[in-house]
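Just so it is clear, A, B, C, D and E label the chains in written order, and each chain counts residues from 1 on its own.
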Amino acid sequence: MKAIEIFKELGIEYEEMKVKGNSTPRYRAKVEPDKLEEIIKKFKTQGFKHFVALSCVDWIKEGNMELIYHLFSYDTLEDVFLSIYLPRDEPKYKTLRHLFPQIETYEREVHEMFGVEFEGNDRLGEFILEDWNDMPPMRKDFDTVKYVKEKYESVPLVEGRGDKQ
Amino acid sequence: MKEFEIFVGPQHVGATGNMMYHVWVDGDTVVKAETHVGYLHRAFEKLMERRSWLMNVALIPRICVPEPDVNEASYAMAVESLMNWDIPERAKYIRSIVLELARLSGHLLAISGYAGAIGLYTVPQWLIGDRDYLLDLFEQLTGGRVYHIFIFPGGVRWDLPDGFLRKLGKVLDYLESRLKLYDDLLFQNKVFFERAPDVGVIPKDKAIEWGVTGPNLRACGYAYDVRRVDPYAAYPDLDFEIPHYPKFGEFEVLGHGCDCYSRMVVRRLEIEQSIRILRQIIKKIPDGPHTLKLPNPIAWKVPAGYAYARVESSKGEFGYLVISDGGKVPYRVHVRGPSYTHGINVMEKIAPGLNIADFAPTAFSLDVCPPDIER
Amino acid sequence: MTDNPNPLPSIIPEKDWKKIQRMLSKRSLWMIHFCTGCGAMEMPPTMTSRYDMERFGIIPMATPRQADLLLVTGYVAVKTLKRIVRVYEQMQDPKYVISFGSCPINGGLYWDSYNTIKRLDKYIPVDLYIAGCMPRPEAIMDAFLKLMKDIDEGRADGWLRYRKYYDKYRANQMRVFKRWDE
Amino acid sequence: MEILGIFGIFVLVPLIGSVIAYLFRKYAVAVAAIFAAVPSIALYPFYDTNVSRIINIGVKLNLTLDPTTWFFMLMLDTLAFSALLFAIPYIKKAQGNFATLILVALAGANGVLMARDFLSLYIFWEMMSWATYLLILRKSGEYARRYLLFGVLSAYFIIMGIGIVYYYTGSFLYSATTGIPMSGWFWILLFLVLGFGVKMAVVPLHVWAPYAYCAEQPFVAFLSGGLSKLGTFGILMAMYSIAGISILQGFGTFRGVSLFGYPFALLGAITAFIGTVLAIFQDDLRKLLAYSSIGQLGYVMVGLGLGTSLALGGAIFHAFNHAFFKSLLFLGAGAVIYRTGKYKISEMGGLGYKMPFTFLFVLFAIFALAGIPITSGFISKWMLYEAAIAKKFVFIAPLMLIASVGAFLYCFRILYGVFLGQLSEEHKDVKEAPAPMLAAMFILMLPLVIFSIVPGWILGWISKILVSMGLKPLEYSTFAYYSPIGNANMLIMWIAFMLLFMVSMIIFMMKKARVVDQLDNYLAGEAPTQVQLHAAHNFYKPLKDTWAPVLKYSINRAYEKFSQFFVEGFKEIRKMYTENPQDYAAYMGIAFLIFVLVGWWLL
Amino acid sequence: MSIVNILIQSTLVALYLFLAICIGLLFMGIARKVTARIQNRVGPPIYQNFIDVGKLLAKKTNIKHNWIFDFAPLFALAGVLLALAYLPMGGYKMLSGTGDLILLLYIIAIPALGFALGSGASANPNAGVGVMRALTLMLSYEMPFLLVLLALMIFYNTASLSTLLEKQMSFAWGIVALPISALAADIALQGMMMEKPFDIPIAPHEIASGPLVEFGGKYLGMLMLYSAGSVVLETTLFVDLFLGGGVVLNPATYGVVAYVVNYLVWFALIFVVWMIAVFINAVFPRFRIEQAFKFYWKWPTVIAAIGLAQAYIMSVFLGVIP
């Protein structure tokens, strides 16, 4: 089934994204967080079997975290981007790893980089970073230059270069 | 405790780059594997939010070292989508040349990595030696051996240099003549027939659901290729086949697909197809400008919106999700690398039951490239 | 830590013994197989038929116990730095470090990245830097030759410095790591 | 000395000791060790004595001490003493019981060795068997029943043999064997060899061994090293003393080897191979040693079957070596089990760093087991190989040779799994084995070293045995030994090895090395605090996978299926099993009668 | 034997052993060079391995895990030298008059066992797995190899290597008399030398160079000497068994000249045997261990069994007595 028909069937508003270079159509839709699982299941049964990615966007001005679930269908050759918005100060969502196994990995990354909690995913924790002691670094209010100055620039040089053997 | 633990990586010959597989082994069979990444995390997505649209072109090739051009191409395509630019035909063809050369070099590396993992060191020596001719071509074309920074939004950096196509043709002839030797050495080697088939099998019905893409998906028997399903650059005009299991042409069909053998043979056949594509491009390439007339690079403003562009790399689907809020810098860029699923999700799932002798070859046959996992 | 005494002091003069040692270690540099960063991409061409670094007796080795030469190929993420230090400490003296590319010198392209250290020699002693992003195989070969010359002249003394200023290096390392074990 | 005095020392002293030791309760084992020491020390003056006396008490009995008896007694009594010495700290519960039974078994064994008539042989044999049974019972009733089943089988076989002899000669004496026809000889020898073969655990009669050898380690050391040699002794007596070489040759010969012996030699080679293969895959330390024991006794069987003087000498020598190194191994395993309480190889590891002396003793035993030339274990294997090769036996020789390669595999499994590798957290405080244990192991190690440098001594004793059986003596000098096709000089080898060892030592000593922690290890750059690095479970998995189709045909399972058939078929009869020992005894008596009658009827 | 005689003999043996180790190092260097040429490279100088060993022995720090760790270099080097001492080289009997093939077979196990012990002492699972593979490989290649040895011993009716050389000189070289066995032996030799496709125990991609994983410095240096010795040991074993040990002139008639000529011929022959192994090594990937096991117990064993049958028939039924 074409993505447009599914959207219509589910009664979701969608917009078409601009595409240059590539040729398949891409649709973007904003959905309610609690309906997302059902919608993804619907898409999955309708041929959207390839889960491309889960991205997170930190909309600091709006105070939102946007999670973008990106699906692709090899049958109809369409991309679907399903967005949900979570409150920024306490982002929390349930895990969807039972739908597509790679969602688990994406959730681990989003958790580490943005601080989004996924209930039911027991593998959250240190993933990419190690010994991290600051706020999740991909958040917009994390100042990487300041962090670099504090952490790395302040380390002193060790003298002794040029000492004879 | 029955199992012992082995760390494959980061400092391990069998690790595919700087990453770590924490492996629990019973006897010599893997019971469980966990992928640990982050050794190469440079926070590209964060840095891209701090750099202007054009500066990012210099940054992103570093995401995938063996094949940097796919980053440039997909980023450029995503930005072009946002800007609503149509790039000139010649630029598309030149992009295709660069991408195909990159694919060739990526496949040569992948095959030599696998051959090294099963202990045939002559193959890496030859293949990487031959790959240097491709790097020479890159050098002539772009000025850099590894990082080219050649494709950027609006076209490519400059036109083909004089005599480039002739030289390209020569290199292709040479490479084609060498393929026979590779076949003799690796692809028709009896020990390879023993070791590769039915090792590291991805269940065929799960392959798409697990997010397997690229040659690994084709080795499972699906003829899906981004160049076909979501064509870009000059590929709609070009004629090429999509090698997939069990259409291996002159090669024997051993095993039941989705295994190391199919993955390697698919890569080997794609080298032939790339040569074929490049030959067509040499014939077909149109004249014209190589780039659009670009606005002032310092004051680029990209209209707000979402754009996703995907490119077929030698490892699988490479995609960029670019989000702009209309400012001078991207608001958010998300990079979808093929190794993200291959290296973590697929590897953790197919590892149990593998012999430890087959662990490194399986990882190499999936062609996992850690930098595009953690960026 | 034991030093390396002259086995036959009556026959070989002390000076010559050192010279012999340096000659031996310069002609047989075993490199540890550790791709710490993207610079490792230019290692295969350097190792293989076109540039062939085995001409100088440099071959990749599987484990740090066997190796003399650590190549830090490119940017160093904090997580990798910890492994580099461990590997470096497991190597046996004399050992040499070549740092590769622009990033370990001053941060390079990633000067503002929160996860890469900016100067490698704050954490482990570096005998030789190769600049460039990324250095060409010719540059790498040149660096190897330079390192051999340095060893011959006794200037590649990073391992001695590490031994001497061990506490300082360790203190610097601990400023970026929260804890030492995993 | 008068034979009765000798009988007193070697049979009655242990018997009396068994009663006395029982009274001492807490110190019973120590007291028993003293009583075991008496015969083993008293043995030495009797070297080269040859006394024999026929005692007529209605039936004629014959007790003898000759070089054969002396040689085997040397083995058994030393082992019994070491085992008891080892048991002093080891046995915690019911000491009196243990000490008594061991001494009874020793007395029985000595009696078997001294007996030269079938009646006393049978009495002492049963004495030894029942003591063994009760000792195994201390560990597990199930295992003891398995032993009992085969012990009874063995007894039946022996009795049938005896019955046939008595039928023809009317006498129980070994020497009175005139007038037996060749067909009679065939049955006699077959029954006797099978009967004693059970004790030697020859395939397919080996099934009891892996279970019996799970009993307490000091006893198992004595059982595997010592008591199983009674089987060797019995077959040796039956084939080469009672029957004699000329009767064996009378069955026809194949390149100078009796056609009666050749199948047994082949069986022995197969036993060696199967025992070795099964040993490779065991995870239980005791079972591994048990299968190894089966395999090694297969070698002895080869020698006994071939019956040339080189082969027979090799067999006797190998029995001697096996007695010592296998007991040493069982004692070493016992020391480890005593300290850790673990039986599984995969649960140990790294104990060699904590128990260096135990490790060295076991290492030496393993050198002997594997046949490394710096131990005497090599020499006996060498003799057996050369005997087979000189006769151009193309089936026996390769089986033995490949089995000895297989022995390397399980040897390393013991060494690596138990003593090397990662020392686990819970064994951080393990201490060296107590002094009596070490002393016991040291005693057992000595002959292995001495006879490897000076094989001439022991070859002299063995030659004497061979001569007494009418075979040619061995060719040997003090340090060297010869076969028709080759020779080996141990002194030159030792000197060369020592010199070359010094050379490498000099190169080695030029530099000092620093000791690092076991977790400062190549872990690919990682440094976890808690990590499991001991790769001992399923160690030979590739081999096991490869051989899985063959391994599923287990003889053990065949027996179980067989018994299952009976269980299914005779559910009613099963009700006879009232769990009342007296009933069992009654059944056994009935069965015994039936067997005797059947034997009678057969002839 | 007088004291002087013994001294001369032992000096000669020492000289031969020293030369053997040097030849081994040289051969390893040549192998690297040849492999490099196959791989389109220049390759290191052929004396590179001497430098490597020198460097390793001159390393300034050495680490060990415990005292059992020391067994590896000591037993390995002493054992391989001892085994070499029992091999006739170029017609010089060394100690082979005082010990035969079976003794040699077991002496060869000493270095391997010592090496296994030392590497096992290092709590590294890679070492454990590596030794497991090495032992399994040993079980694999020994099957054909023992059959081959048996064929030789049955055919020439001796287990003594020096007698074997004499009989080969007077009758015919083993490769002429028993060509099938020679083929099987050469296949077994590839596994014995742990060259590809049988370099499974030290596979760096799989188990990070296996038993060698924790050795460095002088330990590795001495183990390199050991492997240099084993190269000569294994090639010489083949040459002694099948190529008459390179004996072309009878020392009894030609004296010292014969020794020199024989030594050179022996050198040429072991070089040829080594080169065959190196060429195969360069163009094959490695097996998995169970595949190696299956391989060896299948075809080479069948070939060796046919060779054994040939030797048996010739010796027993046809009465050919060399």
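The rule we apply is simple: a contact is a pair of C-beta atoms (placed from the backbone, for glycine too) under 8 Å apart; a residue touches a chain by one contact, two chains touch by 3 or more.
Because the structure is predicted, anything quoted here is derived from the model rather than measured.
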item	value
Intersection of the contact lists for chain B and chain D	C, E
Steps needed, at minimum, to go from chain C to chain E via contacts	1
Inter-chain pair with the most contacting C-beta pairs	D-E
Chain closest to the assembly centre - both centres taken as Cα means	E
Centre-to-centre distance between chain D and chain C (centres being mean Cα positions), rounded to whole Å	58
Chain B and chain E, separation of their C-alpha mean positions in angstrom	45
Centre-of-Cα separation between chain C and chain A, whole angstrom	38
Multi-chain contact sites of chain B, meaning residues that touch two or more partners	4-5, 10-13, 15, 25, 28, 38, 41, 43, 46-47, 50, 125-126, 129, 355
Sites on chain C at which at least two other chains make contact	1-2, 4, 33-34, 48-49, 62-65, 79, 83, 87, 112-115
Per-residue overlap in chain E, given as positions that touch at least 2 other chains	39-41, 59, 61-63, 125-126, 128-129, 132, 204, 208, 213-214, 217, 288-289
Touch relationships between chains, expressed as pairs	A-B, A-C, B-C, B-D, B-E, C-D, C-E, D-E
Chain A partner contacts - residues on chain C that touch it in the complex	78-79, 82, 107, 111-115, 117-119, 121-123, 125, 154-155, 157, 160-161, 164-165, 168-169, 172, 175-179
Complex interface listing, chain E residues touching chain D	17, 57, 59, 61-68, 70, 73-74, 77-78, 81-82, 85, 95, 98-103, 106-107, 109-110, 113, 116-117, 120-126, 128-129, 131-133, 135-136, 138-139, 142-143, 146-147, 150, 153-154, 157-160, 208, 213-214, 217-219, 222, 225, 288-290, 293-294, 308, 312, 315-316
Chain C to chain B touching residues, read off their complex	32-38, 40-42, 44-45, 47-50, 60, 62-64, 75, 77, 79-80, 83, 87, 109-110, 112-116, 133-134, 136
Contact set on chain D toward chain C in their complex	510-512, 514, 520, 522, 525-529
Touching residues (chain side chain C, partner chain D) in the complex	1-2, 4, 7, 34, 63-65, 83-84, 86-87, 90, 180-182
